[in-house]
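I'd like to ask you about the structure that follows.
Chain naming follows the written order as A, B, C and D, and within any one chain the residues start at number 1.
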Amino acid sequence: MEKISKNILNQVIIPRKPESYKGNYGKILIIAGSTNFGGAAILCSSAAINSGAGLVTVATTPEKFTAINTRIPEAMTIDYFNKQELLTAILNNTVIAIGPGLGISSTARGLIKTVLNNTITGQTVILDASALTLIAEEKIPLQTTAHVIMTPHQGEWQRLSNLPISEQTIDNNLKQLQGIDSKAILILKKHLSEIYYKDQVFQIQAGNSGMATGGMGDTLTGIIAGFIGQFGYSLKTVAAALLLHSTIADQLNQKEYVVLPSKIINKLPKYMAKFSQLTGEK
Amino acid sequence: MEKISKNILNQVIIPRKPESYKGNYGKILIIAGSTNFGGAAILCSSAAINSGAGLVTVATTPEKFTAINTRIPEAMTIDYFNKQELLTAILNNTVIAIGPGLGISSTARGLIKTVLNNTITGQTVILDASALTLIAEEKIPLQTTAHVIMTPHQGEWQRLSNLPISEQTIDNNLKQLQGIDSKAILILKKHLSEIYYKDQVFQIQAGNSGMATGGMGDTLTGIIAGFIGQFGYSLKTVAAALLLHSTIADQLNQKEYVVLPSKIINKLPKYMAKFSQLTGEK
Amino acid sequence: MEKISKNILNQVIIPRKPESYKGNYGKILIIAGSTNFGGAAILCSSAAINSGAGLVTVATTPEKFTAINTRIPEAMTIDYFNKQELLTAILNNTVIAIGPGLGISSTARGLIKTVLNNTITGQTVILDASALTLIAEEKIPLQTTAHVIMTPHQGEWQRLSNLPISEQTIDNNLKQLQGIDSKAILILKKHLSEIYYKDQVFQIQAGNSGMATGGMGDTLTGIIAGFIGQFGYSLKTVAAALLLHSTIADQLNQKEYVVLPSKIINKLPKYMAKFSQLTGEK
Amino acid sequence: MEKISKNILNQVIIPRKPESYKGNYGKILIIAGSTNFGGAAILCSSAAINSGAGLVTVATTPEKFTAINTRIPEAMTIDYFNKQELLTAILNNTVIAIGPGLGISSTARGLIKTVLNNTITGQTVILDASALTLIAEEKIPLQTTAHVIMTPHQGEWQRLSNLPISEQTIDNNLKQLQGIDSKAILILKKHLSEIYYKDQVFQIQAGNSGMATGGMGDTLTGIIAGFIGQFGYSLKTVAAALLLHSTIADQLNQKEYVVLPSKIINKLPKYMAKFSQLTGEK
């Protein structure tokens, strides 16, 4: 198991080219939120936008549009009950993140299937939270040809892999991941989170227990989406997103007992500037 | 009557264990808010989350979901008119705070009875504001086997105890508390607030008149809920929550004439970090 | 015409007594806002709360409750279409401010008449904005026995007094005020605003053209309401509110080209602390 | 092609006269926003207000009123489906900006025609975003006698001018602009944005790729509207607005990887103060 080096941040977070446009920095679709879990859609989309995503659309229940407009006016919205609008959005975006606050309703199930059935090579699909729970429960096959990233915490991974937490060893995790999707990247969120990809395993050397609070995973998902939109899909991009999230949280935790997701989000532009200005020497 | 020592803050606010998860820091259900008193639900849940609670669900009228999502996206919501959802939430949470901004409608009355009838040993129920008024008016018996904490101001305590403010002496308060609930903790909010528990009385040496503004009690209730979720139910935990609330307010009051609840809430993570980093010597 | 001295601020903004409660700092009812002018209700109530008012209730159209809850959770709300709730609120509050963003609908007209018909000696009624326009247009008599404060800008004063701006001399203003309400305090908002009361005239030595922006008057009304709630109705209290508003704005204007009302509001607690800590010597 | 000098900022952003009122600083009508693009209306109106506009009204779909009230309580709103209210607003305002987040529905089309048919000499119409797309698609003639400013990015300009981006040379742009509207000012938003007016071309020497994010254009439109409201319609005013927007963004970009529109907006009052305090020597 390899440690993820801090150098990855300045390797991935490269300075932007002067002649470039918002279309160059990713079109992100975030399918998130439901009546009882509206905040997750806000945190996830705020994280994507603050991490530099060019254009972010949130597909959610329309009753959440006001909160999203208020908190993050830079985001666009669509009604995820409108199947035609949703299909168009899936087609027009390059990164699709689904799951935060989605709940486990039949609507949520339909949305996941729609994403898996309509994404294609070149796109990236990030499956998080409720999406993972539903995939596990309903044994929904990950049949898309898009890149797939899964971001379970240990309980969600147990549901997906059938591995009790005590048996979530590196070997077992690698083996189970092959059975679920042999090409997917798995981020296993825990104390010192791990990334699994094919036969490789990496471990993050950052993070703290002040992050143990609601909404932290939604935020990570947004950062990953924003990073892939800007820096392209790669293991390195995903690792950098994971590391940045925890690095900011570690800095905050020195002065804050609990690290609120919204505070990490606010710090993204400053930390990214810092890392992009370091020379990328190894 | 014993003074509450400042040492209690670093004794209670202990550093978090590295290997820990949001589930370790409490599942809090806050039953609060009504058409005319929506802000109370926001202040109470914001306080719980900023004090470090792992997971916070607000049961309220759905017309308040947008404001809650906007102000505190880290919180989840449920509709308190949905009896089945409410019962499930009462079952799934360890700390239940009820009362802030609830009003004195028949809905509120039903909610209090539902909480008192469905909480069990091991859970903690915090009764505040409208909940106390209704319990007094309707003589609702506190028949739950959960731990009970009551947080009246002097007017609410008068209604509960039938003691006019002029007769709210230590001895009278102790006696009346025994009649209402012999195992409950009572926080009597006033200039130099007091905590009553069985035959013990403690007095806080903090607080200021800049705190005399709407929403201050809702905020305290949220902090108590967050503390019990993280540090467990005990007299010490409750005393630390009360003291932290006033300690932050005293610091703010040096530079602010009126101490707004939302400013206390914002300072919680920083003050908790400070106290958790002190060694807990007596 | 007397200049208002800066000393008035530390004379009026006195330190709070340690043993005091939110009920000691005023119960304020703000009747404000309508479909198209929702922000005025937010600014006015935020100003009242940040200036230290104990309890603030906003009577408005219910479609504005979400924005008020979100921006200023410390405020309570009532539906001003509910006549019974409104009458109870008029009875239970000591200071009633009416007008900001109210519009000139028949609803607004009804609200003004309800206030003027139902307020009594010991209460204070502040008439601002649309309330003044309607009183002028409909020649509504100011028949309440409550204290009356009017806060027109020059255009509104023209409508009330029938004095074109060019004829708004001190003598004319004094004379016209006697005809409208011989006991009312008039604040005439302009470059170097003036206060008229019986045969007295005072002029403020503060204020700047950066304040020439929407919502500035709504904010002043909230501060006046908050001050009367805390420091009692008097000419001095009103003058101090007016002066504080412009003093903060002058400080902001040194670094900000336009002085937004919401920034003045944020500074209120700090400036009030500063003035309350000066000894009140003349 | 002339470079726009930084001196233009202190020439245009002049100190305000002490005796002046909000009516002196422009009445701005912003026709913006739709169900899926609510944030654009917030960003555009916030920018206008923070740039010093005296009075700002947002005409939008009423479902967005709550978000606007919450984010920018200084703004007023009207329902753009109410044709009578809209016509009155067009008549009463001096600067009308249309397009941000408007979408390309038949409603949007009707709004654009209403603006072009009902504005007159002395008014300024700013056409942005969806408005430009619709004008291109529907070949809507710019038949108003009001001043016209168009703010397309390169893709929108392609639709308007039929010039593919590779053929958008200065000469071609000048020629095409003459065909569309021989008196209009064209701001072509790109890396080093350009201003075209009759036979003149100017280029901005500011801006950065951190600005490549959603909502940036909506913000610029709001600043232009605010500037014309205060400083009058002129090529210089428009150039100063464009330059200020990028100047603030450049300053932010030194410490922030992505420059969020809402952060530029927050800085407007401070930067305008700074430039207004410099002597306007050349």
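Basically, a contact is a pair of C-beta atoms (placed from the backbone, for glycine too) under 8 Å apart; a residue touches a chain by one contact, two chains touch by 3 or more.
Heads up on the chains, UniProt names are A, B, C, D = ADP-dependent (S)-NAD(P)H-hydrate dehydratase.
None of these values were measured; they are calculated from a predicted model.
K.L.:
Could you check if the interface between copies chain C and chain D is built from the same residues on both sides, meaning over half shared, or from different ones?
P.N.:
Interface between chain C and chain D is built from largely different residues.
K.L.:
If we define chain centres by averaging CA atoms, which chain lands farthest from chain C? Would you check?
P.N.:
Relative to chain C, the chain whose C-alpha centre sits farthest away is A.
K.L.:
Rotation angle for the CA superposition of chain A on chain B, to the nearest 5°?
P.N.:
Rotating chain A by 90 degrees superposes it on chain B.
K.L.:
Just curious, how far off is chain D from chain C if you go by their C-alpha centres, in Å?
P.N.:
Their C-alpha centroids are separated by 35 Å.
K.L.:
In whole angstrom, what separates the CA-based centres of chain A and chain C?
P.N.:
Here chain A and chain C have centroids separated by 49 Å.
K.L.:
Please list all residues of chain D that touch 2 or more other chains.
P.N.:
Residue numbers touching two or more other chains: 66, 70.
K.L.:
Please categorise the chain-chain contact pattern as a line, ring, star, complete graph or other.
P.N.:
ring
K.L.:
Per the touch rule above, enumerate the chain pairs that touch, sorted by label.
P.N.:
Every pair of chains in contact is listed here: A-B, A-D, B-C, C-D.
K.L.:
Within their complex, state which residues of chain A touch chain D.
P.N.:
Chain A reaches chain D through residues 13, 16-22, 24-25, 49-56, 62, 65-66, 68-70, 72-79, 268-270, 272-273, 276.
K.L.:
Under the definition above, what is the set of chain A residues touching chain B in their complex?
P.N.:
35-40, 42-43, 46, 63-64, 66-67, 70-71, 153-154, 190-191, 208-210, 212-216, 253-262
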